[in-house]
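Okay, so chain A shows up in both of these, paired with chain B first and chain C after.
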Partner chain A sequence: MLASSLQAIGRTAIRGVGAVGQGGHLAVGAVRALRKVDIWGPLFVPQLAAVGVASVPIALFIAAFTGIVLAIQASYTFTGTVPLYFVGALVGKTIILELGPVLTGLALAGRVGANIAAELGTMRVTEQIDALESLAYDPVAYLVVPRVGAGLVMFPVVVGMSMAVGIAAGWITSLFLLDLSTPQFVRGLRLFFEPYDVQFALIKAASFGITVTGVGAFFGYTCSGGAAGVGRSTTRAVVGASMLILVLDAFWAAALL
Partner chain B sequence: MTRGREVMVGAVILVGIAVTVIGTLWLKGSNFGRPSVRVDVLVEEIGQLAEGNQVRFRGVPVGRVMEFEVEPGGEAVRILLTLDRAPDLPDDVGALIAPESLFGEWQVEFVSRSAVPFVYFEVPAGSEQEDVPVLGGFTMPDITRLTAAAFDISQNLSVLTDRVDRAFNEETADNIRLAIENIQDASENVRDLIDQQAQTFANVSSEVERAASEIGAAASVGRRVLEQADGLMASGQIDSILGNVGSITTNLDSLSAHMATATSGLDVTMARAESAFARVDRLSARVEAGEGVLGQLMTDTLLVTRASDVLTQLDLLLADLRENPKRYVRLSIF
Partner chain C sequence: MSIRLDRVVKTFGDLTVLDGFSLDVAEEGITTIIGPSGSGKSTTLKLVIGLIQPDEGEVWVDEVRVDELEGDDLYDLRRKVGFVFQFAALFDSMTIGQNVAMGLHRAGELSAGEIEERVRESLALVDLDGVQEKYPSELSGGMRKRAGVARAVALRPRYLLYDEPTTGLDPITVTMIDRLILRMRDELGVTSLVITHDLDSAYRISDHLAMLHKGRIRWEGPPDDIQAVDDPVVRGFITGEPELWEDAS
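Coming up: the complex of A and B.
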């Protein structure tokens, strides 16, 4: 009993260390593959479209309803004591600093991370990646770098648009559902605004982009076990990316604020 | 990869960047290239003021706080303000930095130093940068300092209360009660004295008022007399009056001479009158003595009665004669 328990712990630790090693190996390979622009360059724009442009609708949808809910809940919370124009401050500050990047990152972890993990996992279990290696193609440069690069570039863009849409949704909600005028909302919006807030949000968004695409690429690239393995890899990619997003969120808050 | 997809990617990237940049600038309060006016403010400290806080004049937002920096030497802080337009500020304008509300918002407000007197920072000569006007400012203490001051006051009150509590016993209370009673008596005496003095003062005041009014009236009369005299002097009528007085004096002399002459004739007249009065006295004495008809009439009542009867009968006779003249007069021609 004790031996089996120790064996389980040891196996898990070895797998964990092995995964970290594989991840590090993949990361180093991706950095090295940056030189091979002729391989990943032609694939970069399609990945920008797949990772960024295709994610815009779901990101804006989430941001819009987040802004609506924030405005209503803020007005409910502030009733009586706090001036209502603080709805603008709360909506703006919350969306820019936290909900815009994090909710967009989580949504894209499900959409983009799962997509990448499933795509690369399928290529792995069908030995397409092996075929690339046999053709002297660097699979990391061909499969990982354009996806991670697209995540790095497009996540801040999508998050920037999400923040704008979220604030606009909060403003429209305040205008039509709450007893709040546009000047009041804007006053609250500008009350505690710092340009650094936007920088902070974009830095987080870029880190989330690398994380989501990188985790998806890792679990897809290291996938094994056929179709079931692809499924597991996809799930792990989504769960791992979501957890890392929250960890990074706390890390950046502690490091930059 | 189609060209359309590439265009779509480029458009999304540009839109995302534009939205982020323009939104940031808008929230920061940028005027997007519109003309603006820069004004600097020097203060000892800025409190909780932050970049982007509003600048107001008479409550109207006119600009924003752009940045601030500690002056060389560390004696002051320079606040750079950007105004959307240059308002007509008062001559003695100062910058008051104070909380905008109780929720942490601060602002810079242009005020008249005479209307809102505080110890504004005196801007030393040569503080202007790039010909930008520099105003002296004053920063109100924030709520934490007020709380600290209130805490100090409460501590002092606590100590004071403790001392009062120790010093205030039964004997002290009795003494205080007696002192209060004495003060009350003294107050009543003082009040009576004041009432008396007030009455006296009222009387004196009325007298003084009346005297003053009389003096005023006399003064007005005197002024009027003097004015008339002045008028007379000015018009030369006084010479005429003096001439008339001289003429009157001459006439009086003449009258006196005539009076003297008349007085000399008056002696004779008086002698004659005295003789006449003597005769009248004698006549009166005879009448009183009953001499003569007049004397008898005055002394004999019977005679008077008879004379009266005769007169009565004569009246009756005359009356009858008027009524029946034929009884007494008969006229016959033939």
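Coming up: the complex of A and C.
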């Protein structure tokens, strides 16, 4: 019993070390492939659309409802104890510092990370990645670099839009449901606002973009085992990216605040 | 000099797939490796274009040692070697025309008009005129294989590697693919290395036949000679007699 448990732990540890090694190898390959602009350059703009533009509706949907709920919950908490214009402060601060980047990141881990893992995984198991290599394409430059680059550029854009929509939703909710005027909401919003908060949120968003696309690309690129393998890779990509987003969230809070 | 594998050893985990495997591929001929599934045939082809590296031994294409190449040198070599994948491995998000043009765009030697013309020529060579705008999912299995051949020959490579080119096809399509492989040799003068376990196809197309068994070449020679071989392993395989094969193995 003890021996089999130790064996299982050992196997898991070896797999983990192997995955870290593979991930490092892929990351180094991606950095080296940056100079192959002739390969990834033409694919970059389509990936900006696939990773960023196509993610806008789900990101804004989440942001809008987060803003509504935050405003209502803040009002519920503050009534009778704290002036209601603090609703604007709570909505603004919470959405900019935390919920805008993190909820958008988690949603896009599902949408973008899963998509990349499934697409690259299918290409791997159907030998399309081998075919790319046989045609003298560096598959990392062709498949990984444009996707991760698009994540780095577009996540801050999408998160920025989410923050704006979330705050706007909180403001509209305050106007129509909480008997708060626009000047009151804006007063609260400006009370604790620091421009640095936006910078902090966009740095987090960029790191989430690299994480979600990079983890998706890693699990897709190293996929094996047919359709079941593609399913496993997709699940691992979403779970892995979501966990890393939360770890990074804590890291940035400790490092930058 | 053509393609040469010299005392190659390749293992995957605990499994030794190639164990001192050596083979010389004759210029402008068709060499076919036969052997049961899982005997290392596909591994051999992937070694030739450097998709995987041997644990021991040497792999040569022309005067270049493939197993020592890295990066752009390896990609340069691959322009000389066309690879026809078992299930075609066409890029399913692209049209057939875009698939065939992929290698040409990468090579960067032809203008857009010349690429278009070369795509048309390559598809005509495999009797697939007029399918440029179709997607792989709109073609039959045999047509996809032929499109895979068109993509491999578009760069006019010196060598063509075929991975199980007739597997899963009906007899008529098998004959068409066999004729296509012969036509690539006769019209383009390419040196071909084919792996298959389709013996009828192997007899029809091969100039030289080699049988792979337990990671090494067990027998090689002209296809007409194989029927006279006494080795029970070879006889068991070509007659399809499991008892003879298993006893001898």
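In this text, the second predicted complex is superposed on the first by the 257 of 257 C-alpha atoms of A that agree within 3 Å, B and C clash if a C-alpha of one lies under 4 Å from a C-alpha of the other, contacts with A are read in each partner's own complex, and residues count from 1 in each chain.
By definition in this document, a contact is a pair of C-beta atoms (placed from the backbone, for glycine too) under 8 Å apart; a residue touches a chain by one contact, two chains touch by 3 or more.
Because the structure is predicted, anything quoted here is derived from the model rather than measured.
Annotation for chain A, partner touching more residues between chain B and chain C: B.
In the overlay built on the shared chain, the residue A:Met161 is in contact with chain B alone; chain C does not reach it.
Once chain A of one complex is fitted onto chain A of the other, the partner contacts of A:Pro57 are absent, as it touches neither chain B nor chain C. When the shared chain is aligned, no partner comes close enough to touch A:Gly80: not chain B, not chain C. By the touch criterion defined above, A:Thr126 reaches chain C but does not reach chain B.
In the superposition on chain A, A:Leu191 contacts chain B only, with no contact to chain C. Judged by the touch definition given at the top, the superposed model places A:Ser134 against chain C, while chain B stays out of reach. Once the two complexes are overlaid on chain A, none of the chain A residues touched by chain B in the first is touched by chain C in the second. Interface residues of chain A, counted against chain B in their complex, comprise 42, 45-46, 48-49, 52-53, 56, 82-83, 86, 92, 153-154, 156-158, 160-161, 163-164, 167, 189-195, 198, 202.
Of all residues in chain B, only 1, 5-6, 8-9, 12-13, 15-17, 19-20, 23-24, 27-29, 50-52, 101, 103-105 touch chain A in the complex they form.
Put simply, chain A touches chain C in their complex at residues 38-39, 123, 126-128, 130-138. Taken in their complex, chain C has these residues touching chain A: 46, 49, 51, 75-76, 78-79, 81-83, 85-87, 89-92, 102-103, 106-108, 151-152, 155.
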